[in-house]
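First, the structure itself, so that you have it in front of you.
Labels A, B, C, D and E are assigned to the chains in the order they are written; within every chain, residues are numbered from 1.
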């Protein structure tokens, strides 16, 4: 079943054509990645989905079943963490739960057990400016996950993490997403990451973004934490080729 | 000749021990990377170097020859871009030159030819909030490079870039640094990047950061843009092992 | 707060020393000037004389300070509440903002000297006209501060909240309101000083008692020392209120990276 | 600015329509009330009568508006300049800030009604006391706005500048000053409305001519229509000044993500 | 010529007519004086004179006595009116006020001076009342407050506010101070900065004589003087009936001149009795604010030395 489908979306921002006739769809429980050169329009696509900007043309349809309650179907992790400087880390993390009307105490009770896993234990009482770049990113990720929405929109969630922390988070995510049956769209600039996590990958062109290729990753799972399979390696090379081609085109 | 030496540096921030007896040195023209887990204290080390915080103990010595004029010896690229929201991109990029007393017109003349290379052509008149995450990062990098300081401190300069844009920037950097004879300290979370670019690599422990290993990379140059040499691969594996060990320790 | 931006330690008392010194200095110069120049005490009395007057008239001054404090506090409370409620309304309904904001600006442009007597005639000589005048004078800075504060909200934070399904109300409560606090406190500290001045002015326009009446009577009786004594009392009172506002600011947003000055 | 936060288009005129409508509405209700209730024009003249009065006394009103405008503009210019210079000094020398800031707060707590007559006695009936009073009343909001604005500077940006070898002066010019502008303009719009009120009050305390004199004399001569005519002129004047301040804000920082309201 | 500024005690009214006539007729210029009639402001004429902003000023006799006792270097140089124009007034429709004793417990709209209390208390007590009433300091809003019923009584100048009330058909009644234990007084006077007068005796004499001539002209030509006042006061006095009515009353009731005395004559004895009364009431305070325990010597507080002995030609 299709959880989300985007049809012929176009967007202009301040005179710059950013999205050009984007169409894509994501099935329920599917993990889809978007790859594309920096500045092509990936984050802008997310802004359209979350209502941050209105598209000039095109349509976004969300599976009605995904809209639980009055809230949004999406949990969104922006590229820049958007932590509130006046809230302690724990209160930033529970923001989405608070919005959903969960009491502060309950929200904290939900969030606190996850702090160690995210390397934030002992920092829950700190303010965002007292955290490192990677810690802020993990706090933002945790804030997103905690909302428990059916569709997760993640905009470069691991950009500021070192290889090991990143691998740990990826493994955690994959388990968690699988268990929860969450639909996911991941924007990433890391081809290997996309291959390791995704069911399908959309490759975007340079700005204005068009979908230049859609690739199904059928390498056997689990793919993380073990030597890369040949299938994965092939797809990675294929993707790099497509990107390279786009670039020189 | 030693361009920069750091001896027994310790730093506490808001009750958290961040740096613990860090000693390292960088020779003139050398490219040194710092690898370490997220939140260990890499950015804090840079803040000590640029005077953002005062160390509790220890000493930083900079080669007097590196201190040209009255200005700082360092050109610093912070992890979060620190672009000024009220300045256009071009004026953000030329900020360092303006500080050095170069006229606005001259500074722009210096900066403008480099915009295409950084993928910012046509965006010089935009404000930072009209740029994508990766574009902001490239603007911050260009702002750093343009200062022409003898020592470059780069805090994850490619974190928000896709693989290809990143590779392009790395190549450009290597050429440019080589030509200018710049001393460089690169903080990165990408082991492969560190191996590809560095003469030496320091590996930091988790917080509080200590230097756990110093590794010389003697793989033949140029290393970028071609299949990885065996020497490089060995070093990469060695580094991953050290990091893993640290983590579980 | 980054450690180097921390205010110097040493207790409020120690930190207040330079201020006390400079005030003392000014008083000494003034005293010396009066004694050396031999200027008529009808034009400029010496601070020592003013002090003596404060002491000898302490009961009368205190009896007249109470109504002024009451008018100030009630009027200011009214002003902040109204400004707050209006700021919310105007923030939620842009149409209303465009329709009403200019009206509020106009309300602010009415010269006090013309309005105060009218208020007194309409509402009598009791607390009401004073409260209203204090509110009228101080509410606009609060409104502007709040409105500009709301406008300073990071769009990214708002978009994030909206992506979470936050209602307009929740966005307001969780993003716009906290973002406005630094502006709010700047406005608060500005308008609290005006509040006392406005209360005294209102008394001037018609009252049974209060520091304004003391000043008026002392002035008409050629008693500048008593005028200044009342002025000193009113200043002390304003300083206290300002201190409370500053303290509140420190308590509520002092931990932020970007806190208020002084 | 993100596109959805753009102010609605359509020219200043069109956007001003709701405001004009609401002001007109208020005037109409007032006119109707006066006509229906048959209230004595000595207590509350109708707006139409006030308008007629403005027209028939236009020369006298204009002759008295000029000195008020002059005092307002000169006093306000003095105030902004002094506040700016002081804010820089206090920003550069924290020791000075601790010593002087409380003194400025005290200066702000002095009740106008007590200070204005003293100023007139010291400086006479000419421009000087008016300029000084306007400056005294308006300079503190500007100072607070600037000081809080400086304090709102992102530490990251300052650290970056310092890493570039920027002098304290350059950090001020390139980071602290631009960061303070939103606060500065909030302060500007607050204090410009007080400037006119202060000028009129200063005239009340002693002047050869000016709107304050017109109001005071018209009131004592049982001429409420003339009082309101002068009030209307002063309001119009304040509105113009406010408009100029708002325009300046739009021109200078309107492009920023976080702009002022209204 | 010599620059001279005169301060007023109220917005332009018929008490000031001599000043405006002299100005309009050019008599100040003739005397070699450059005279400016300062507009009425919130700062009292006494204060303006003692700080040197003005050299002359219109004063009330009670105000003058209090200010001089408090140390202001003032001197009376001309009497604007020869008899009491002050009245304690209230709404004529009110049956509950028949005599001063009825005012006990009522609300008085005051102007912010201490002598008011002494004067009113004396009136009430001389009628057998307690002399207790509440004061609301209203200054220039006193008459609006009385008209709107916000207060019960206030003081007025019968030749101005009284005429105005009559014209409006407001029934208003009043008590004459002198009927109730207060010595008679010349309510309105021309005062001067005594220091300046001593140093500039010629200019002072020229000024006072020109003013005296102005009041003399008003006495002889009330209608013409009223027109001059209307014209000179800058558009504030738009009710000619009030000005003319007031001028007529001043002349008709003999306020401007006593037989056998020149226009502007000041009665030193009358002033001395008023001074004694204020002293007895404890309303005179010295420079430090202490109630005077000894009546000061009043010689030299008033002078007729600058007046022309006979009313000059008009």
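We take it that a residue touches a chain if its C-beta (ideal position, glycine included) is under 8 Å from a C-beta of that chain, and two chains touch if they have at least 3 such contacts.
The model shown is predicted, which means the values in this text are computed figures rather than measured ones.
The minimum number of touch steps separating chain C from chain E is 1.
Common neighbours of chain B and chain C, listed by label, are A, D. This structure's chain pair with the greatest number of C-beta contacts is C-D. Taking each chain's centre as the mean of its C-alpha atoms, chain D lies 39 Å from chain E.
Taking the mean of the C-alpha atoms as each chain's centre, chain B and chain E sit 86 Å apart. Between chain B and chain D, the centres computed from C-alpha atoms are 49 Å apart. For this pair, chain C with chain D, the centres built from the Cα atoms lie 16 Å apart. Across the assembly, chain E contributes residues 47, 51, 140-141, 144, 148 that each touch 2 or more other chains. Residue numbers of chain C whose C-beta contacts span two or more other chains: 2, 43, 117, 154-155, 159, 204, 216, 219, 257.
Contact with two or more other chains is made by residues 13-14, 52, 80, 129 of chain B. Contacts from chain D toward chain B in the complex involve residues 1-2, 154, 156-157, 159-166, 170, 174-175, 178, 181, 253, 255-257. Listing the residues of chain B that touch chain A in their complex gives 13-14, 35-44, 79-80, 119, 126, 130-135, 138, 156, 159-166, 189-191, 240, 243-244, 247. Residues 47, 50-52, 70-72, 74-76, 78, 80, 82, 84-87, 95-96, 98-100, 127, 129, 147, 153 of chain A touch chain C in their complex. Of all residues in chain C, only 2, 5, 8, 15-16, 18-19, 21-23, 26, 43, 95, 97-103, 105-106, 108-114, 117, 140-141, 144-145, 147-148, 150-155, 159, 182-183, 185-187, 189-190, 193-194, 196-197, 200-201, 204, 211-212, 215-216, 219, 224, 227-228, 230-231, 234-235, 237-239, 242, 257-262 touch chain D in the complex they form. Residue ranges of chain C in contact with chain E, taken from their complex: 40-43, 53, 117, 120-121, 124-125, 203-208, 213, 216-217, 219-223, 225-226.
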